[in-house]
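Take a look at this one; I'll ask things after.
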């Protein structure tokens, strides 16, 4: 869109916004570096919008700055905003493990926020669960119709599963290490492996999903994603690009699974 | 498209058009401000074209300048033009409640209009109904195939309904306030709420839909949209972004509903 | 794509191509004018590629310069090239009614053509039929899957038809004028009108379709399009934008018709 | 995406990367020439990502520099990277027929590679098979869902076939020349020809597909593609553009075949 093009000379900001942010001298932003987490959240939310994974104000991505000076720093988008129109200065920043608030977009000058009062994304406790329980580097939440349709076509099941599809090889082979107590990546899944993704039931409030998401994460040490019935999916990875790749591979498999199911082809090969 | 890129330095206008409009000193345009209603109509119609919500010359969006000096001013696109190629100077401007014509694109110099005689969009009386009866800030009309397919799959029904899908939470909870006589937004819909959208029958002339649209708006105080059988949908909201978000959420639900219906999954959970 | 962006400063040409074409002083090109037929063919073929209407080297558009000094001049793309990568200097130009060749891309310097020997599109006699028999201003040919699927789902029929869908109103109401012998546009189709598009059988050679296309055009004076079984569709209009709008409206209706047929909903309302 | 736009002034590189690559004085790169194989791989992988043919890190394209000084030079993308974000300096370069390594991205300065250790794409032996056995100029591998679905809908068959669809004419007519022992292109397929594409069974390791791919290539001298069950497709052509056109035409036919099969329409006309 033309107005997007107009703002491209300063990343995701207009010239005026750029000047305002520069004056802030905000250590949690770096408008000129497209690989900075605050900028990547903006870029990826636009991509996810084009792919129909986030729509309305639903869905999004949180990134932990795993390659930065302080890898405990987490960037979170605000709640209730159009994710494809996010600006880097709208991010919340918290520090793990206490989730201490280091930066709020509400501290920005009014010329930037237009007096809007931001709240962190309702997904925050769910993203935090992935950081805390799995040491994730980024976590994606989508309302993908493929995810919702699989949760409906497997309505009476607590697990979605598929095997013998090449794209499964894009997913990590995870193992619970008894000595460290951590889930560790020990390789990639194989073509003939059965990918199992737990499905949890949706709750009226997004934050109320936290308990069942954490349970599923613990009960399924091999998974890098959790489906939420009639809602969508959470996918995480070691860093932002791994999370993106896992989400793309899983959505591909969910899309294929819907087609297979409707054509009466079993998704798990006997 | 390249020619779009060529014109991006002055928003939606070529350099020559920009100069011509500047000379006009037209108080109803502001080419440099991408958030101005006349520019947003152009931007959003392009987006809606990419999303296949407007095609041919059908569909569009009208915006009331709720944050401007005069919130009674309404921007309307012309009829019979390709909506994804609209220019800001092609807009009609009227003032509520009398719908007094303040600006016509036919007053532009011929170098801009190329002698084309513009008429306001045929949707105008329908957009006006949303402004007058619901104090809407913007109103979207699409020929979305999901809307048409739902109206066909629910052919014998005067209502479309769906429940227990997360995306429903993007929609407003509306209540008729007995003391003020106005419909007011009192929050957001819940996951388990049943979204009900009335379906009215299509008429040969678009303006003849006005009566039944107004009836539906009055009969369904909780709705922020009306489906038109074998035609499309009207969606409105408190401002342009809310209308956009509501339209995206509803179209997502209509798309999902078609898939559910064809897979024999009830859209309303028992 | 980035390489497309690189060439955008001179329309659809790189800087080097632009210089080479300028030196040509070719009266049939006007690189700086995005509305020139040679540029519009490039722009629209890119759009049609994105919409999946042209793919591989199939499909395309021819434009008659109805608003130029000589409205008998017709621009035709070459055969066997990727239509989304066309350059304006690759066009053939012929003059009606004799179809006299006024310009061939093979006359360009080798630095432009890279010694490639161009032939006019195999659709040329079909495009010419629309110009000659209907005084069309532009003619579009696509391999749209919606067109092919309709020709398959209506396999035993020589006509596709649909009624009572709003989008039908985007199509022209055509009447054979007995006194002039011409087919004339007398308005727009109505919502309740039945749109009938003839389906002709495909032939091994594209040019061999000419006779049956001409027959269909004569037998169906009300149509602005002809479907070709297992092949695609030809759509024409008074000028390039009308042809584009008609093609969009018809493809929308064909897409909807496939969905309706598969859901056992009759496309013509009783 | 905005960050893509930011880097467009130097092709697919940021200004800093451009400077670093320039200093390299690397004879296998030519950042300013968009038609150079290293740049075309980047451009086409982005296109294939948008078309959903490559996703996650799967799929890609290899190009042999058939029009360069040394037509035995082959460009190969690295394994395990997001193909739509490839940079030209990340390519491996090998020389046929010994597949001698001429260039490795691992020789780039660390500021470019960020210490990442690249490996050639796991498809390399399969691409090489097409170069060696068919003298291909480029080879495309996709995980297209249409390819996977056809391999599932034809689960008990070792061949996919379709006839009497116009798009078949985009594919080459190949004949085994007894005297030279080579497969040669002798024209284009005809509308009524039956396109037959062999389907080989998938293997746990991509390189283990080599034997069965080579067998299929030898057994089916008329084919320019091989389907891999539950995996995707390999398509090659005389040069990069022919490979792209063949891939587009075949994917179009596979997409149509899925629709025909699900609608109980035979893909081969009796």
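Couple of notes before you dig in:
Per-chain numbering from 1; labels A, B, C and D assigned in written order.
Note that in this section a residue touches a chain if its C-beta (ideal position, glycine included) is under 8 Å from a C-beta of that chain, and two chains touch if they have at least 3 such contacts.
For reference, the UniProt names are A, B, C, D = Methylthioribulose-1-phosphate dehydratase.
Here the structure is a predicted model, which means the values were calculated and not measured.
Residues touching across the chain B-chain C interface largely differ between the two copies, under half of the numbers being common to both. Using the average of C-alpha coordinates as each chain's centre, D ends up farthest from chain B.
Between the Cα centres of chain B and chain D there is a gap of 43 Å. Chain A and chain B have Cα centroids lying 31 Å from one another.
Residue positions of chain D with contacts to 2 or more other chains are 5. Here chain B touches chain C in the complex through residues 1-3, 5-6, 55-58, 82, 143, 145, 148-149, 152-153, 155, 202-204, 228, 230-232, 262, going by the rule given at the top. Chain B makes touch with chain A in their complex at residues 4-5, 7-8, 11-12, 34, 39, 42-43, 46-47, 164-167, 169-170, 190-192, 241, 244-246, 248-249, 252, 255-256, 259-260, 263, 265.
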